[in-house]
Structure formats: C-alpha cells, structure tokens
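So that you can tell them apart, the chains are marked A, B, C and D in the order they are listed, and the count of residues begins at 1 in each.
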Amino acid sequence: MPDLSTTLHQLSLKNPVMTASGTFGYGKEFSDFIDLASLGGIIVKATTSEPREGNPYPRMAETASGMLNSVGLQNKGLDYFVKHIYPELQQINTHIIANVSGSTIEGYVEVAEKMAGLDHITAIELNISCPNVKQGGMAFGTSVTSALEVTRAVRKVYPKTLIVKLSPNVTSIVDIARAVADGGADVLSLINTLLAMAIDAEKRRPVLSTVTGGLSGPAVKPVALRMVWQVSKAVKLPVIGIGGICNATDAIEFFLAGASAIQVGTANFINPRVTTDIIKGIEDYLLRHNLQTVRELVGSI
Amino acid sequence: MPDLSTTLHQLSLKNPVMTASGTFGYGKEFSDFIDLASLGGIIVKATTSEPREGNPYPRMAETASGMLNSVGLQNKGLDYFVKHIYPELQQINTHIIANVSGSTIEGYVEVAEKMAGLDHITAIELNISCPNVKQGGMAFGTSVTSALEVTRAVRKVYPKTLIVKLSPNVTSIVDIARAVADGGADVLSLINTLLAMAIDAEKRRPVLSTVTGGLSGPAVKPVALRMVWQVSKAVKLPVIGIGGICNATDAIEFFLAGASAIQVGTANFINPRVTTDIIKGIEDYLLRHNLQTVRELVGSI
Amino acid sequence: MSKVIHDLIILENRQPGPEYHVLVCKAPETLPVCYPGQFAEVAVPSSTHAFLRRPFSIHNVDYQNNTISFLIKMVGQGTRTLGQLPTGTVLNAIYPLGKGFSLNQAEPVLLVGGGCGIAPLLFLAKTLKLNGYTVHCLLGGRSADDLVEIPEFRETAEVYLTTEDGTQGEKGFVTQHSIFRELAGFTRVFACGPEGMLRAVALASRAAGVSCEVSLENNMACGIGACLCCVVETRKGNRCVCTEGPVFNVLDLKGWESPQEVADNCPVI
Amino acid sequence: MSKVIHDLIILENRQPGPEYHVLVCKAPETLPVCYPGQFAEVAVPSSTHAFLRRPFSIHNVDYQNNTISFLIKMVGQGTRTLGQLPTGTVLNAIYPLGKGFSLNQAEPVLLVGGGCGIAPLLFLAKTLKLNGYTVHCLLGGRSADDLVEIPEFRETAEVYLTTEDGTQGEKGFVTQHSIFRELAGFTRVFACGPEGMLRAVALASRAAGVSCEVSLENNMACGIGACLCCVVETRKGNRCVCTEGPVFNVLDLKGWESPQEVADNCPVI
C-alpha cells in the first residue's frame, strides 16, 4: 500500500485530501455519504466573532464549469460555535480546522484566540480572501501591508498551526504570499474564489443580490494551478492547493505543482462522495507509477 | 428591423460584433464560413515591429470550458504586414483594427506610427496584456505607471481611434483603466487571457512549453463580465467586452454590464460561424424585448 | 432518515403534456422511506450546460416495484436533456432531501398546484388517501397544456381545474377558482407552484383563517445544507430551503403577508 | 477547394477492433472534393469533457453514396463519446482541412501506418489504386487488436502486417519488417502514426534514399490556421500543421534527422 500521509507544519495528515471551507458545512451534512474520519482534514465553514445573516437571496449562479456564490459568511458567530458546534466536531476523528473570518483585525484576533483554546481544532485557516463581504475579507488579502498586518496580529495570539488562505484577485500572488510568510504563517492555502459576475439577460439584472460573487469549480483550476506553482516555488512554506479539484488527476496536478495537500470545494456539491473517490484514485495512481509516497510527487515538475 | 449600429469614439460600427485578436487570423481563414463584411469589425492578429517565431510547441491545452494558449505573438513583423497582408485586408469591407504588440515602448510606437499611415486600418488596439511573452506584454498592463507610459507614448504618434486592451491579471482593473484613460486612450477593451497553467499528470510535466499560458473561453466569462461592469462604471470611455462570448445571450450580458461592443475569441474555433449567429441572435433579442437599438442595452443593469 | 446516492435506471419516460416528462426510475437497492414534499438532486448526464445537479420533487414512489418518479417541466438545458433520455439510461440521484408536508392534519385538506408545482402533490395526495383522508386538489396552469397527470390525480382526489386562458376547467388564476370561496371549510392548504401563485394562495388562506404550507423553489448548489446558497428569509432569519424546507408554513416566511407584493406577483402563474 | 461545415448523420458505427470505431456519415449536401491526408474537425456532441473540436483524418470517402468515414481510436473522453454515438446522431464537422499526400508520384509506393495512423491510409490507398498504382501497405501495432480494417486494405493493396508482440504478422516494430529491407525499391513512403514510428520510418527512408511524407498529429484548437497553436518546427520556421500539413515531407521538418532522437522514440509505437 502506498503511503498517503503528509505533513503541514505540525499537522500530520493521514492523507492529503481535505474539504474546503464553506462547501462542506460542519462535516455532518456528508456523514450519510462518506466516513468523515477517512478524510485528511475538514476545514469547517467560516466563523466570525459576531453572528452573520449573510447576503440576501439569490446567492448562487451556475456558470460554465463553475458557480458563483455570495453567501457572505453566514454563521452563528463564535459563541454559538464554541457552545453548540464544537462539541459535535469533537466526535469526528480527523483534523478539524476552523476557517477564521472577520471584517476587522480585532475580529480575526478574537476568533483565533478562542479557537486556540479548543483542543480538537488543530489549526486555523485565516480567510483573508472572501470576496463576498463589504468590509474586510478580500480587502485584507489583496494588499501586502494589510495581509502582513492581520497575519502578524493573529500569530501573536495563535500558537498552533496557522494557515493563511490567499485571494487570487491580485496582480502578484507571490508578493502576498511573501508578506503572509513574513507575518508568521505556517502554511499557505490557495486559492479562494475569483471575483466574478453573472447577469440574467432576460430579466436584465445581475443574478446575485450582491452583483458580484466568487467563482469556483473546474473553470478556475488552471488559474489555481498556476498560482500554487508560483507560490510554492517562491516561498518555503507548505502549500495547500484549492480550486476546481474534481478527481484524483486534478489532485495529482496540484501535488506536481507544489501542493503538499489539497482541499476539495465545489465538487462536493456534485458528488458528495468525491473525496473518497479522490483518496482511492491517488492510491491507484501511486501504485501505477510505482511511487511509495504521495510526498514524492510534491513540486516534482 | 432593430438598429444594431454602435459607436466607439470615431468608429461607426454596423453592429457591435467583432472578432478578437489572435483567434481570427487575418479574416480570410473564415471567409469560407461567413461574410466578413457582415462583421462590426475584425481585430487582426498581433503585429510586432520585428518578426517573431512565437513559443515552442506545445502551445495549447484544453481545460474545463476553456483553453490555454501560449502562442507568444508569432507574426511576420511590421514590414511584411504592410507589404503583403495589408493589401489583402483592404479588400474586406469592414473595420480592420490592428493589434499592436511589443516588448519595448519603442516597439509599440514604431508599429502604431506605421499603422497610422494605413487608411484601411481605422483603429489600433494596444495589447499591453499578452501573458505569453517574456518581456513586455502583460508587464505593461499590470502596472499603473507603465500602462500610462506606453499609452501616452503611442497616443503621441497615433491620431486615430486608440483602443487599449487590458489584462485581467491585476488587483484593480479600475486603476489600470483610469491610468490608460489618463494616457489618452479613446476606447478600452477587456479582457485578455487569465494567466494559468495545465499539467499532464501522466507525463508529470507542464502541458505548455512555456509552463504558463493564457486562459480563454466560457470559463473566464464571469470574471470578464465583472471587470467590464467595474470599468464601465468607473471610466467614461466606451468599453469593448471580451471573454468567453459564445452566443447572443453572452453578448447581451456584456452590453448590460456596460460594453458598447464585444469581441468573440475562442468561440470562433468551435463554430466558425458563431459571429453570424450572434448578430442574428442580438437582432432577435431586440425584437423580442421591443428595443429599437442595441445602444439602449448598454450599461442598463 | 438517511440520504442515499443512487444510480437509478430510467424504466419509462412518458410525456403527459407538450412541455412535461415523467421519468419512472428503478432504484438499485431498496428505496429509502420518502415523505411527500421531499426532493432529489439529480445529475444531468454528460451535459455541457448543467454543471450542478438539478432539484426535483418526488412525484411518486412505488415501494412495491421499487421505483421513484419525477415530473419534469422543460425550462432550460438541464431539464431538456433529462426529458430526452431514453429508457435504460442511468440517472444519478441523491434523495430523499429536505422536509416534506406536515401529515398530521385534520381533514379535509386542499392541495393547490400550478405548473411543475403539480409534481409533489401526486405523492402527497396518494399518501394522504392511504391514511384515510378525503383529498381535494386544485390544479392550475396557463392553458390545458399545463394540466398534466390529471387521470392519476383523479384516482386519489377530488380534482378541480383552472386555466388562465379557459382552455380547461374554470377560467382564471387558481385563487379565482370557485373552490376558494369555500376555503374556510378546509383545515389546511398545501400548495406548490410559482412564487406569485403561492403568495396569492397564502394570502387567501390567511384571509380564510386556514393554515397553509407551501413548497418553495430556489437556486440550489448542494441540496444538503452545505453551501448555504438556498436561503429564504424566515422570521428566525435566513434558513436553507433544502434542509429546513422546501415546505414551509407561510406564517414562518418573512414578507409573505403584504397584499401589495401579492398583487405584483399574481399574474405570474 | 473550399471548406464546409456539415451536420453529418451517422449511418453506421462499427467496431473493427476493441479500441476502434468506424463512423460512416452521410453528408447533408454534395460532398466537397477531399484529398487523402486531409482531415475534419469534429464537434463532440454534448460532452462535458470535450470543449474543442477533435481532428480526425478522412478514412474513406464514397462520393456515390455521399458518405465520409472516420476511423477513431478510443483514447480519451472525446473519442470515447464519439465511439458510443448511435446511428442517426448528428455529427457536426468542418472539412476538408489541411493539405494531403502528394499524389503525383512514380510507383511503387509504400504506405506505413501504426495505431490510428492507419486512418488516412485507406483513403490514400484507394485513391492511388484508382489512379492505377500498385500500392503496398505495411500496417503495424502493439498487438493484433491494433490491426483493424485489414480486409478493406486487402481490397486495394498488397498488405504486410507487424505487431510488437507477434500476435499477428511479423514480430517487431514496423521498421523491422522485412519489407524495409527492400525499401530502396520504392519511390516514396507515405507514413502516419505515432511520432516515434514516423521518425524511425523517416530515418530508414533517408538511409534508403527514398522520399518520405508523414502525416503529423498535433494539439489543435481551430484546424483552420486561425489560432497558431499547432505549429511544428520546419526549416522555414514554425508552420501550422493544420494548414501547411498535416502531411509534410520529412526533409522540411527540423530535428528529424538525428539518429539519437529516433532511438529514444522508437519503441513508442
């Protein structure tokens, strides 16, 4: 049997297949379909310090090989998470990673600090790349100075593995990655969604209530691959590849481009068992290519 | 019959449907399939001051609802264009627009100046957004200062309609658009391709000889629509919408987002008659929606 | 009540009206228990134009033959592709999803359906009848072409028909049908159809003091509560239609009480 | 010689080998004149995985019945979808594209094909025979499964077979076949197949002083000279395979003379 385990800073994952924040709920939504413990990790949906109702409906539009969303970080807030959601998450026998979001640095810090105290949350992913909120979110991830600042502030209060999730809506992803590394990040994850838009030609108005939203799915994979390749060459931190991954071949491409692990997002909506299929497919690939470990693939193009 | 005509600065187009540079050759490649004179305009493939062989093969990869290319501005150079290609273009009874490319400001200026002297070239499109050349190209289009500089330099020598084609690989497309407007552009066209990458998982190497290439096709339409909407709201110049347009509905979406005209690129490869279908489809739409002119749609969401 | 992913096999594809198809599908293993009002997320086979799954109400369940049916109205690329599938085709579906209609009601109940909103009502009517209810069912459409599956409904319910153009049944919108004058005699209304119609039915029910449940349509990406794209505004905040619906008591829906909105939406049946 | 876009109708879909399909298609209007070695750009109907058209050589043309055929090897999603199409399906194709083989040759000529490179050779053999040539045809493959359409070739040419595993014909690569020892007796070699094979054939032809034309495969986006994606390095610089090929005289191809490269590529039939 090939060895699928991989390491992200202090995290040892049984395999490199995780689920992307906002596309996998809190895991239990998928428990009828897959064994959650078989995943490398679950990045649960965004948590903010205060509860958020998210953006008005419609929040979704289908596009060619992709979709737009403008959910806008709907969640019940930090306190509810700690009291009601965390106890359920403790039952899941794999890495549970909190996606930390906010509209102010204080907000990020507050959530990160609280998460640090939860044993079963083994890492946080700092979401400085959400395009669907008016303040904060992507704004932090599209400027070198604010990306550095928010990372540094969170680093001060968060001693465990700190993943920072980058926005693709920038001229130079490498500059942002370097800033975040300087700020003290342990791991980089990319990409979040591309800022995009859909219009209903018959109704002559934008499809989304927020006009613009975030593009995800296979359509964005080529952009994600390029950015993972650029960042993993330029920065010494481990990288988690995200964007349009639908099958084991896609996952392998990200490993080759330099990712040590991957996250599956939109594809979960189309096939709730896709993560299981991907884990199996990676095993088959390693056997077929006579490789002992998935780590041999990382960055090997 | 609804009125499809539209105006781009000094250009009066019989209809808003043009073809995108690099995807329509010099027009004659399509003359077996459509009446070239029925088009609103043809943007012919990039011309540089010196002949260029382009990048090594492979230069193309198919992706989900899209393709990557890294042609790298292969063309026979300015002198050949003027002597051998221009005389043929003179036979085509519609606007012929030259796509001016280069790796130095002098190169751009040289081509623009020569094009100014060719009567049947009624406008030029300054390509400061090609991701497939080592020097120049996209580099000009991803920095506010160099975008301004090259536009200003070309403006000095080019008195006719100056279109500048923007790169989507930037944090703020609006900032670049404003700089180019300040530099003296008459019209903006967007988007060029998104910088992206494809990997062959079996061969474990990048598909393209250049590793990265430009993503086009329906996959990029949501990003293009967003940028057209942002730019047309922020800048007072007419905008030409480009990116993934495959049918009349797509074209209408770009008009609604603020484009006064559109260019069809990759879709020409799939259906060489697509431009004719789009023109007919826009007519049908206007009739169905009781609109007299296509101009009523522009920016009307 | 656990969800399954099944490769269903299409046993029958019939066309009860010009724009409707009924797909009767065989399940590869024993059908899970389904409730009326629940739905399935169906993958459109090899279609360039349907990236995400499409939600369809469960139109009928035959536990004996282990079949599940969908009534599909052709509105876009996805539904058109599904309508053209030959028998024998594999249809991948995730079901049963969402919460159905409340079945613990005193009778008599009135079912109101318009367009493809007819879909869940057949399964609902059959289930209610099985439980000994007297079921009344008002079906409306633009024209006779929209009134499909009437024979099937007649087997289980007292059926009333209305069309906007008067080509079948009474002429007018569903809420103008004479049965609505006797609305106060019912204990509950179950409705499914275009939003305009649902709002009108909700308002009429309120006026008559009758409780009303509606099945909402909505853009869905996942159908299982993971994406949070399918929300509707309720009195308790944004709620997912796919998990807390698609059936809602109208009293829980925010903005469903204003007569102005109803008037604006009414003709859009 | 103008190009057409046709909605062809598949009249027949037969499977001459486990991984091959022959699609015989009826043209909606009189077939344009096609030359052996030319190809078509075929749209894959409603496939999620084939965005661009797929290029296929013209395998056969029957002007009397107004049909055109393609021999397709199943290698990926696009070809697999095409292979499964039932008769009656519409196949949109742009053709005839590119430049074919030079037909003004003295005889005898040797045709060499491997894998799906067999495709253009049938049309070529038939055309040569029609013009009174004696045609010799060497077909090679990994195993007997790759040797398809042999009966059709036998009708028009003297046929020689080779397989790498020896399951049919002589054992070995095509260039190891005994006919190659008599290569100098031919006036020209026409070859189509995997690049490794073509390079080996080119080298052998050079050694024997026989002129050689090869049909190249290549990634194509448009097939009509518009995208410049399909270049090959020639002595005159980068040239489009879709318009200046797919058939090239090997003397025009850059980097096709080194024995080292041939050795590297040879086993990849």
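In this text, a residue touches a chain if its C-beta (ideal position, glycine included) is under 8 Å from a C-beta of that chain, and two chains touch if they have at least 3 such contacts.
Predicted, not measured: the structure shown is a model, and the values here were computed from it.
S.K.: Applying the touch definition from the top, give me the chains sitting in contact with each of chain B and chain C.
M.R.: Neighbours common to chain B and chain C are A, D.
S.K.: Please state, in steps, how far chain B lies from chain A along the shortest route of touching chains.
M.R.: Counted as steps through touching chains, the separation is 1.
S.K.: Which chain lies the greatest distance away from chain C when centres are computed from Cα atoms alone?
M.R.: Most distant chain from chain C: D.
S.K.: What whole-number Å value describes the gap between the mean CA coordinates of chain C and chain D?
M.R.: That pair's centroid distance is 55 Å.
S.K.: What is the distance, in whole Å, between the centres of chain A and chain D, each centre taken as the mean of its C-alpha atoms?
M.R.: Measuring from centre to centre gives 47 Å for this pair.
S.K.: Averaging over Cα atoms per chain, report the distance between chain A and chain C in Å.
M.R.: Whole-Å distance between the two chain centres: 36.
S.K.: Two or more other chains touching the same residue: where does that happen in chain C?
M.R.: Residues 48 of chain C each touch two or more of the other chains.
S.K.: If I count partner chains per residue in chain A, which residues reach a count of at least 2?
M.R.: 63-66, 217
S.K.: Based on which chains are in contact, what kind of graph results: line, ring, star, complete or other?
M.R.: Basically the chains close up into a ring.
S.K.: Once the touch criterion is applied, which pairs of chains come out as touching?
M.R.: Result of the pairwise touch check is A-B, A-C, B-D, C-D.
S.K.: For chain A, which residues are in contact with chain C within the complex?
M.R.: Going by the criterion above, the answer is residues 22-25, 29-30, 32-33, 45, 53-54, 56-67, 69, 71, 74, 217, 266, 268-273.
S.K.: In the complex of these two chains, what residues of chain A are touching chain B?
M.R.: 63-66, 68, 142-143, 169-171, 194-199, 201, 204-206, 211-212, 215, 217-223, 225-226, 229, 244, 249, 252-253, 256-257, 285, 297, 300-301
S.K.: Which of the residues in chain D end up touching chain C in this complex?
M.R.: Contact set of chain D toward chain C: 46-48, 81.
S.K.: So in the complex, the part of chain C that touches chain A is made up of which residues?
M.R.: For this pair, the touching residues of chain C are 2-5, 43, 50-53, 94, 218-233, 237-238.
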